[in-house]
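The chains carry the letters A, B, C, D and E, assigned in the order they are written, with residues numbered from 1 in each.
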Amino acid sequence: MSDTELKAKLRFLPTGSALHKLSALITLLLLILAFSIMSSAFFSVNNGLTVLLQTSVIGLLAIGMTMVIITGGIDLSVGSVLALSGVVTGLLMKAGLPVMPAMALGVVTGGVCGFLNGLVITKMRITPFVATLGMMMIARGVALQLTGAAPISRLGETFGWLGNGALFRVVEMQANGFPKVIFPGIPYPAILLLIMALFGAYLLQRRQIGRHIFSVGSNEEAARLSGVNVDRTKIWAYTASGALAGLSGMVLMSRLVTVQPNEGVMYELDAIAASVIGGASLMGGVGSVSGSMIGAFIIGVLRNGLNMAGTSAFIQQVIIGVVVIGAVYLDQIRNRK
Amino acid sequence: MFDTAPTHAPLVQMCDIHKNFGGVVAVDDVSVDLYPGEVVGVLGHNGAGKSCLMRMLSGAMSLSSGEILVNGEKADLKTPQDAKTFGIETIYQTLALADHLDAAANLFLGRELKTRFGNLDETRMHAEAKAALVQLNPNFKNLKDPVSRLSGGQRQVIAIARAIYFQAKVLIMDEPTAALGPSETAMVADLTLRLKKDGIGIFLISHDMHDVFDLCDRVMVMNKGRNVGTFKIEDVNKDDILSLIIKGTLPDDWTPRGETS
Amino acid sequence: GEIAVIVKTTNSSFWQNVNKGATAAIEGHAEHTMTFNGPASESAINDQVALVENAINRGVAGIVLAPSDPESLAPVVKRAYESGIPVAIIDSALAEGNDQYYQTFLSTDNCAAGQQAAAMMIEDAGSTGKVAVMSYVAGVGSEVGRVGCFVEYLSENSDIEVVGPFYSQSQMATALNQTTDILAANGDLIGIFGANEPTAIGMGRAIEQAGKAGQLTAIGFDGNVDLQDMVKSGVLLATAVQGSFQMGELGVNAIADILAGNSVTDFIDTGVVMVTKENIDTPVAQNVLY
Amino acid sequence: MSDTELKAKLRFLPTGSALHKLSALITLLLLILAFSIMSSAFFSVNNGLTVLLQTSVIGLLAIGMTMVIITGGIDLSVGSVLALSGVVTGLLMKAGLPVMPAMALGVVTGGVCGFLNGLVITKMRITPFVATLGMMMIARGVALQLTGAAPISRLGETFGWLGNGALFRVVEMQANGFPKVIFPGIPYPAILLLIMALFGAYLLQRRQIGRHIFSVGSNEEAARLSGVNVDRTKIWAYTASGALAGLSGMVLMSRLVTVQPNEGVMYELDAIAASVIGGASLMGGVGSVSGSMIGAFIIGVLRNGLNMAGTSAFIQQVIIGVVVIGAVYLDQIRNRK
Amino acid sequence: MFDTAPTHAPLVQMCDIHKNFGGVVAVDDVSVDLYPGEVVGVLGHNGAGKSCLMRMLSGAMSLSSGEILVNGEKADLKTPQDAKTFGIETIYQTLALADHLDAAANLFLGRELKTRFGNLDETRMHAEAKAALVQLNPNFKNLKDPVSRLSGGQRQVIAIARAIYFQAKVLIMDEPTAALGPSETAMVADLTLRLKKDGIGIFLISHDMHDVFDLCDRVMVMNKGRNVGTFKIEDVNKDDILSLIIKGTLPDDWTPRGETS
């Protein structure tokens, strides 16, 4: 039965989606190899942990984005929602709320934005691109208006804990009075990402909602005729995407120890690129969380490695553009065989 | 398991059903009923409105006006889900399969089997699906392929299996054998008779006169959206039906064949 | 009448502080109203042109403008002139040859500010080794002067090797990630310069998080509370603070003066203060901090 | 036969696409009415001409975008391509080329970028979203690298002619030494937009290439089986979009009398919004140039009117977001009837 | 207009055609030929490989191995366009219509009529389309509706009209009447015979035995991708064919019926 189970695992990954992930993984490994040759500092425990940390925000966004993309939709609002969630948390903390409930409400804010996206898409029948484009502007405008465009600072040590804390961190006090980091620890954001990715994959592959998400993206009319509640499924996916955007907002703002209302611009493109590099199809019906994580790390490693190698910011853009296309192409050729 | 006497209260009554798309009248005040254990053929030329009429009973299309009664009570069939709770299952002309999912996932779509932890029970769904499909096509292999890779007939078999699996009370079959080979067609005919024996009421849309005469108890003929006649199958012959389908009227000299013969 | 204050972008505390200055100034001129506007980012120059055009169309009494680009804004400033609308330029210069179209110019000398920061860098870190430059949006008016003169000064007055510049697009998280990477890749960095507010904050956080505070000379730019905290804690040696409040305040006052028929001087230096741990509590610094 | 002809005109606008445009037009008129009430300066010849001028860039982009969207694709690269085309023109002029050939080569640059998009999409089989996302980064990076991110200035009076010139302009010198503009003239960019829009509509509705564009977007496989050269059709559409991006780059940079390698960020979103408000479907097969022009003017009027009314930039964003969704929704309700 | 003697050189020869998708063998070394003025039935169970075989002749699918000769010369059919230049037209099982375009636009898709200025000649295309469609379905109305709004049968009629309009030399019909009503089916049968008389060679995929026996000169039966026999229609009866389709072999006692009778 284990053969059956294995196959069952792969069944939603059509035209050899195991290959899909394999080719993305190869791209990732090639990148790591190339950068290790170019810069000795790249291939170190420290830097590995940094990449984990840096990728966690895009990674969290990519989980929700993947779900939305599998339904055949898209969520352009995640970058703005991330900022709005952060702003809400920041204002609540300024109003005296402790960090945990404030952050929880920040995530809820993201979820509410996503829920509204879902409502507009299903009940008003607006295409996802337009609906979430609207939300992108609205959430950004509200975030800026609420703060007068100024960062919210001095939120206290505890606010930075989520983004900057780490498990098994070892620090030593130096003679000069400044601390020295022996082992930076596994960053909490990376742990959070792992948990959310596993949970997301579980929902998509093992739960009814996941099955319905695939069916809606594969053939919406067929799903409807089969008795799938298409509207509820879509609303669920957009709410998840919004909540994850809220969560990534918490991580990001906590890393900055400041709430920045204009943070997160164009993050949606990174999240979409991660999903697509990882094999999700913008036509719907195809995608996986694990693939998207590989996609997110391809982008993260690329940014980090190019910085480490001291590449000009402009050439970096060109290279990232080429790699995004190249990664998807590599996948294409593998699939065609 | 159901009341098998076709003389009882009708399972389904569709009364004065009307459907228009803007100016186009697709279904024009059609009434028809269906009793348990009965097969009613729905015939008509292309574009006569057969699929539209049936889609309204499936909850897949809204009524412009008219009323549907199930077991004598008014049923408001707003979604396919509503229809399914009344035990109305449909094999759509378009099949309605999710291309990226495999046969089992399609068969159980919307009604997935779960383990006691609420997870999808893939093992059981596969086993059940296999059993159901093999009944209709003994050498159905590509059970784990996404259905987009299956041939037209294989897809049709999945659509049929899905409709009968859930113990329908009313089954709507919209040209179920159009894409099927001869052995598959024969199996669907067998199946129809078996379901009928179980007391299920069946609406069968078909262009195949042989199927119609072999399987139906009554036929209802539509022409340009209107019901131009409902007959016991004994009362009509092929030419009567062709005349109704094509011209919308019976031959001038018609009298119920059942009585004359 | 309406005095339109049009800045490079409304999305930053620096420009919001200009807004505060302008708002404070307008209180003193009951006969005028003030509107504050700007595009979504400092690189959206075309949008800024549109804002000025619209202000002219609605017949404002005067304009206070921080041009995102020296040349691109010249045609519309000329249009304002043709429509008889007085203009005060703030923060960044307009291209040469357009002097007759505006009435006064109030600014920090960004080039001078960059040079001051560079001088302080050499003084504290020494004149050999690597210094990283964390910039914001490539090519905008203030960046060209500020970062350009910083780099130029270093190369002319020391053997320092410049790493970068890197561009954060004025995104704090981008600056944080870039700085983290630069610190990791260049363990021997002796100094680092963060050229505007979000960039300097992101840079400061990266230094704190890498545990490198105090191990290299870090200099920031602009002066919100986060940067003040970083100066106080020693993460930053100094931050260069411009009189942004003054730009708004004096700009509006200048226009009001012109409208009242008075003449104004054609250049007002709003100055820059290198704020350090030592001088942060002095009035000079407190005057420009926000 | 005139009835037939009329109907023939409308045949590509399914489910009542005449209604589509009608509802967009109503939105536009409502906006104009509202702003006229709010601000007396809004409804003036002067401001009308300003709106024409301000909308011309987005309008030009929207023509190409509409063609691409009808094929079922999307072009995210237009904003960057616009900048790159401008940079090429600027560098050529600095190298001594006169303005006309330099601008022509700028447009060609845009066309080449579009052509490359088309090749990547058809020959490498990369989805349009990813291919043009890659081009977006590559073109921007190249534009910044070529210029070192600095604007190219002092291109001379003639360079500003296309963007700032106007037909029938009347200026008078006043006694006080200030010149007085009697009639600002019809801006050249507006005239260019009109010509390109008419030409685009003609190609889409009356030429074989237009028919093929619709067929590819409607059902790519069917078009292929019918003998339509699907690849060539798509490449054509992306090349047109690129060339129009180049052209709009000329207009924009000429307006600024400076080449700005940073210009045009997020313009793709405006162009897409214009097309969609005007009734184009991101699923392909549906759209019209005239609709997209109305869409572009909705956005243009909104931006201009809100500025005139002195609305805060943040609230503006929120309002634009709401109107974009609202305009598409209005259309939805009309269609549902 | 063509040579009508079926004894001449074959119009089409498909030699050892093989097609596999990864491990799945869809068509397994099949050879078949077609002469002018001849109708060859292609039969087989669902998933036998009929559509795949024909799609390779249409240029819609690439060959894994094998060779296609048209008029005795090797033809490299890489795209549907290539096939059309050889005069090979196809009615696809999936119809292949662009949903947003109307009937005329679909009929002329890829081969639009133009005015002398190179503009689309809508008037002429509509008139021609109307004439072609009315031949097949006298009351075809919704001529200006996008085809997505037409019924299954109406769409089928457009697909048929498109294939015959351009004076094919070889016509491939993949279950052309599956969705058609009785009168439409009869018209397609008439049409087939008329085309055959004009010397056109026709491959007809069908599951309908009546059609097959009424129309075909020869039949080729596929089973699990292999050609299990090609026969003159006189030499086989319905049971022979069913046995071939289902089991892949002839009944044990078979001898060519044409000789025995």
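Brief remarks follow.
By definition in this document, contacts are C-beta pairs under 8 Å (C-beta built on N, C-alpha and C of every residue); 3 or more make two chains touch, one makes a residue touch a chain.
Note that this is a predicted model, so its numbers are computed, not measured.
Listed by label, the chains touching chain D and chain E alike form an empty list. When you average the Cα atoms of each chain and compare centres, the chain farthest from chain A turns out to be E. Distance from chain D peaks, on a Cα-centroid basis, for B. Chain A and chain D have centres, each the mean of its CA atoms, that are 31 Å apart.
Between the Cα centres of chain C and chain E there is a gap of 74 Å. Taking each chain's centre as the mean of its C-alpha atoms, chain B lies 50 Å from chain D.
Each of residues 144, 149, 313-314 in chain A touches at least two other chains.
Chain contacts: chain C has residues 10, 138, 167 touching two or more partner chains. Under the contact rule stated at the top, the pairs of chains that touch are A-B, A-C, A-D, B-E, C-D, D-E. For chain B in complex with chain A, the touching residues are 58, 60, 79-81, 84, 90, 92, 94-102, 105-106, 109-112, 114, 118-120, 122-123, 126, 144, 146, 148, 162. Against chain D, the residues of chain C that register as touching in their complex are 2, 10, 35-41, 43-46, 49-51, 53-55, 57-59, 69-72, 74-75, 81-84, 95, 137-140, 144, 167. Every residue of chain A that touches chain D in the complex is listed here, in rising order: 76, 120, 124-127, 129-131, 133-138, 140-142, 144-145, 149, 269, 272-273, 276, 281-283, 312-322, 324-325, 328-329, 332. By the touch rule above, chain D contacts chain E in their complex via residues 1, 4-5, 7-8, 11-12, 14, 206-208, 210-212, 214-215, 217-219, 221-229, 285-286. Of all residues in chain B, only 21, 24, 44-48, 51, 93, 137, 142, 149-154, 156-157, 175, 178-185, 207-209, 242, 245-246 touch chain E in the complex they form.
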